[in-house]
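Chain nomenclature is as follows: A, B, C and D, assigned in order of appearance, with residue numbering initiated at 1 for each chain independently.
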Amino acid sequence: MNKAPIEMMKEVNTKQEQARYTRAFSGFWLNLWKGNPPGTFLLLVSLLTGLAMLVPLSYVFIRGIQGGVDRWLNLLDTRIPILLYNTLSLTIVVTFFAIVIGLSLAWLVIRTDLPGRKTWQWLLALPLLIPPYVGAITYIIIFGPRGWVRDWLGAPLFNIYDFWGVVFVLTMFTYPYVYLITSAALKRYNLNYEEAARAAGLSYRHVFIKAVFPLLRPAIGAGAILVALYVLSDFGLVAMMRYTTFTAAIYYQMGNYDQVAAAILSVVLILITLLFIWAEAKTREKQRFYQSKGTPRQAPLIELGWWKGPLLAYASIIFGLAVFVPLSVLAYWASVGLTEGVIDQRFWGFAWNSFYMAGMASLICMFLALPVVYMKSRNPSIVSTVVDKLAYAGYALPGVIVALGIIFLFNQYIPFLYGTAALVITAYVIRFLPQNMQAADAALSQVSPRLDEAARISGFRPWQVIVKVILPLVTPGLLAGGALVFVSAMKELPATLLLRPPGMDTLAVRIWVDASEGFYQTAAPAALLLILLSIIPLRWMLSKY
Amino acid sequence: MFDIELLSVTKKYAGTEKAAVQGLCLSVEKGQILTLLGPSGCGKTTTLRLIAGFERPDQGKITLRDRVVSHRDSWIPPEKRDIGMVFQDYALFPHLNVIDNVGFGYRGTDKKGRVQEVLQVVNLQGFEKRFPHELSGGQQQRVALARALARKPVVILLDEPFSNLDAELRVQMRVEVKEIIKDAGATAVFVTHDQKDALAISDRIVVMKDGVIQQSGTPREIYQYPETPFVATFVGQSNLLPGQIGDDGQSVITEIGQVPCNHTHNLARGEKCYISIRPDSLEVDPEGSIVGKVKQWTYTGESIDAVVDTVTQKGTNQELLVHIHPEKIVQQGEILRFKVLPNFVAVLRSDREFS
Amino acid sequence: MFDIELLSVTKKYAGTEKAAVQGLCLSVEKGQILTLLGPSGCGKTTTLRLIAGFERPDQGKITLRDRVVSHRDSWIPPEKRDIGMVFQDYALFPHLNVIDNVGFGYRGTDKKGRVQEVLQVVNLQGFEKRFPHELSGGQQQRVALARALARKPVVILLDEPFSNLDAELRVQMRVEVKEIIKDAGATAVFVTHDQKDALAISDRIVVMKDGVIQQSGTPREIYQYPETPFVATFVGQSNLLPGQIGDDGQSVITEIGQVPCNHTHNLARGEKCYISIRPDSLEVDPEGSIVGKVKQWTYTGESIDAVVDTVTQKGTNQELLVHIHPEKIVQQGEILRFKVLPNFVAVLRSDREFS
Amino acid sequence: TTTGSDALEETKELVIYSARNERFVQPLLDSFAEETGIEVKLLSAGESSVNRIMEEKNNVQADVFFSNDTGAMEYLRLEGLLQGNTSQALNIIDPMYRAEDGSWVGLSARTRVLMYNKDLISEEEIPKTLWELTDPKWAGEFMITRGGNSSMVAHIAALRAEWGDEKTKEWIEKVRGNAGAVVNGHGDVRRSVGAGEFKFGLVNNYYFHQQLSEDKDNNVGAIYPDQGADGMGAFVNAAGVALIKGAPNEANARKFIDWILEAEQQKFFAYESMEVPLNPAVEANPIAMRIDEYKVMDMPLQELGPVWVDVKKLIEEAGLDLDL
């Protein structure tokens, strides 16, 4: 009886303590989010996304570290230096040419009176649809040691398997990244800068150098980093063209049951990728500036005068090399294939698999991109920044590495889904979510945070605000991003190769398998269909960019 | 009863050195319109956002209708504060037409009727089906106001709602908004950096600077009896002179002579102070005791704003800003005589900092 | 000698129905400041862009310093016109700091000195290394002005250069810009929709509406003797009443009685006209002939702007806007008597359209 | 004794991982599916099949592994990933070409040959032993595949068993130096030699057979090396099938292995891929030499498994590219 009051006191104490802890936690929580915590649903979706993206990274690093000092030293001595040289030189050279071609074409079709510029605007984006390894196949068919040119002339004109051959083919099929992003930037460009420069007495050439180019630099950088990341992660093309970069080496290591070496090479590759991303961010940091909105005035077209002819020829040549030639070769082999009757039930099955998995991936990306981007923009905090950065990690991860991580994850933790399309779709999501995020980010940045606030003050909870206000406004952007994801996923090869469940080959895999064994007549129809299926999303995307 | 109460609220944005709002105490009575007036960056918007719940104060307590909405560990999110807000940039939903914008978030069953009602109040009938981009700036602002009113909120916050209107519409809207708010029986906080807006619309004005309150009072108090040099110069133009209270307690002895004043803040004779002379109180008068040379003048239609160089009794130079009748022709370099009318002369305590 | 001359210039934008600028004739003398004043969308910016050469007129001729820069078959591109321009949104290069922005396009060898010089003129020393996004709106505007001045252009075009400044800075900048332009001996065209700016800064004002010139003259002419109802109401507030010239030729007979005027545009006795009475010309006077009831009032510090309901001699209602001395306490519903002072009364021809 | 497939759960599908060229596998699977009504799912994962099987050891997906290399199968067996098989059907294959426990069984032989372009070089000139490839006179004249190619790894493992570490290393180093091109796969080698890019190349015999049946660039020949009286003989690897431990459709997998060992399937298989059946009773493609017509290295293929990792290390140390 005596104890009762003490017990009661204790109880009161613990209750108070609990209350204090709750209060302390809620205080901490509010401070963490600077007084503006996100809704539970938003937070959960974002955190899950971030975690999913973390899997391949951590898998690779853990495996790589488990490799032990000896393997590291051994690889550092022997293979890594050569691979480094191969990979870096290729990345830098291709990126450079892609910038030159992409920027010049973007400027030509947006700002000059190039005849047929509206048509060119989207014709020149078409190479985005052609998987680079397909491009490589077509060029090998023409210029390869046993190609058509040798058949006609008796000897191949040059060695396509040369460094410059690889550079050429890669450039032709990656320049659209720079082209598309700089085109969009040129359309948004505030003309007043140009006019201010002209009012200052500068000729157009100087205006371009001093006022246009510097303001396009962020866009060029964004495009260039996409090209560089593509080159770093490409497997199909370099394998076809017998050029070994890190990604190819990792894939071959896998074939040799050597997970450890693969993981070690992957760690190095991730570091290189991060280096590129960091360097790009660094150059932008120095140029942190904001264009004012400006009046949405129709830009006057620059008259090309007698340059019209040569520049038209230039655009035509690029189009010819990057679109016409590959498509013609494909059309030829496809016609051979059609007469042989390769388009059977199975073929349509592959097409459906491609369509289904790419479609699912793009749907999921559209669903995931908004919460992450939204949370970063509207609920800034260390948490949202980390989730955002993680989600962008997919960009830096070559498909092979993503595949390794996913195999591990599903085997260990979600075995019942292992061996289903879920793996491939997950890989696509991890790899291409950033593309959707960028589009969503761009769309969201057009939506003033004041609109959210106006909606909340009208009595809506955060998730209601997203549904009622944000979603209707960013849907076009989200869809454009989804279209881009779809196009990329249709083309994806390395992760698909490693992850596809038995009997679920995609068009890309078929192209690869058939072409690497020289069966062009079966590869070509698949390639053509793949390109065809991607055209509609691309058009949609272009209309939104 | 106060509808809105802020108790020593401080807010510092992450990454900035100075607090945007420092130890702010405000209270607005039910049905009143309070105006926050101050130069750009003084923390007006921040104060509104604190009241609305878009920012969380670092310190202090905010009460709305006797409900603590923000304190150390308690927090009521914006959507539960029952507030209407007109944003500086309107923040109309671009994907909704006027009706849907105004009715946004309205929960009652008489949505349609209520929307029509407020549209009538802001004089926008006939625009129901338009989308925001099909409206002029002024019309958009009125839609924003209608949206804020529709839900009959307890508290209405207006962030520079007239900033984008041209002079004519502005004058008209001032009157209308005041009436609308009064009719709705709402309590309002209104933000502006335009003194005309503030004087015209408010029951009380709070003049802020650098996140700190300088003076608070009725429009007349603020304009006629500014307490600090900052308020005197920010709210209307003014000439500030140091001086001391004259022996009669009804005038101030300054370098340009003894100036009669109506109000001396009960300062003792001989005490040091500042004096604020509005340009309108200096009248051209051939008999006047102040002599000056026109240094520069600007025609403004309603008057000629002239800067006049006078020589003080100590022999130093003193520039005075004078409003001259607009029909007079003034020449640069012309010598004029002035006298001081007591009406617009205010005595400021000299212990307040001069800035 | 005219430095800038536009001869019946017309410009219609592709895809629009009405010409943005219609048959515009303008001439600016060397060293003068001309202001284009008008409501939004009246073609002010278009006119500037035509002068600068960013747009090509459909018809008409533009001459700068006796050089035809734009005519049917001749065309000189903007970079060869030797103009300086301050853009409405400043258009500062975001990738360049203040020095490089100001020195942009400067060809002389004394670049550094010249930049320092103009920075001093606009009072921005010490900001040399800042980037545009690190400056306040007012500072950015001054950088834009400095950039336009640096190259000592013959012609300076300013598109609403004060639109983003607050009242105080605005008053100050008006004077400074005027001085700067005068000192530089430049010829300037200045665009604004703010009548105060226009009155303060200009040698001549051109009032535009819908792409057509309404009236052109000195600030005083525009304010005191507006020729059309549009000008009367756009430049300053005004009460417009129909009437006819009185028998003495010095007054107008209106519904509120006979109003004395100083200037009747030589209209004949008995001729129909409009009369514009500025609110300042209505003075409260117990002896006054006009009786009215205060319908609404607004305290503005410098005065009380009241709307007064009067009953005309015909028995109809007429609202008048009146400025009352700010120290007077006015009540809604109060009955007041007024008289009309002749100074601010202007007679307008009634054959000009009323709008 | 049969393991009593009735004791095993009846399922309707069969999952096959294959490192083999899909062209040759697919028709076979189609006819199995037709005969039995079992749905066959094929994953042509190339050399990464082994990898996947290893990764999936706790969550087995595949039932059967179709390999082109006994080394890979034995490696998996040693890792404990294969399931023993006592089916009588296995007995028609020489024990040298199957696992102790029957978990894998070879189906066809793939012999390492030097394939040459008859336009560029005559049968007399061509080197007769593998060691001769180290002769500087062949510098730049021939092609080999990368060291990581599983046929190459197996081949080098056999050489190492014959020669020991030092000599093997020397051979690799010199051959690497002499080779005109080191390429990814044998398909490249046969096409390039056929097209006359190089005089000869080291390939598996059926690549030679395939090149012969091309409609152009087919003027090629091949010699089986080291056939001299004291020669060590040509190295024969085998392609085969393996039964995976924990296979979800084990009954079907066993049924399939039994089925594929039937003569009819063997013949079809060998004809298509132009490999040589290990079952001497089955008739080979006429352009291929029968396995008893030449001298083979007498090394049981089971021995390849344990040395696999060491061999790769050796290759790596000797400087032959593991990857390309």
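The definition used in the following text is that a residue touches a chain if its C-beta (ideal position, glycine included) is under 8 Å from a C-beta of that chain, and two chains touch if they have at least 3 such contacts.
Given the structure is predicted, the values throughout are model-derived calculations rather than measurements.
Each of A-B and A-D has its own count of C-beta contacts, and the greater count is at A-D.
For chain B, the chain whose average C-alpha position is most distant is D.
Spacing of chain C relative to chain D, judged by their CA centroids, is 91 angstrom. For the pair chain B and chain C, the distance between mean C-alpha positions equals 26 Å. Chain geometry summary: the mean Cα position of chain A and that of chain B are 52 Å apart.
Centres computed as Cα averages put chain A at a distance of 39 Å from chain D. Across the assembly, chains come into contact as A-B, A-C, A-D, B-C. By the touch criterion given at the top, residues 23, 26-27, 30, 34-36, 448, 450-451, 453-461, 468-469, 472-473 of chain A touch chain B in their complex. Residues of chain D touching chain A in their complex: 15-17, 21-23, 41-48, 50-52, 54-56, 58-59, 61-62, 72, 75, 146, 148, 150, 153, 183-185, 187-188, 191-192, 195, 197, 217, 312, 316, 321-324. By the touch rule above, chain A contacts chain C in their complex via residues 190, 192-193, 195-203, 210-211, 214-215, 217, 287-295.
Per the touch definition, chain B reaches chain A in the complex via residues 14, 52, 54-56, 72-73, 75, 77-85, 87-89, 91-95, 104-107, 147, 151.
Those residues of chain C that touch chain B in the shared complex are 39-40, 136-137, 166-168, 171, 174-175, 193-196, 199-200, 219-220, 223-224, 233-237, 278, 280, 296, 298-302, 305, 326-327, 343.
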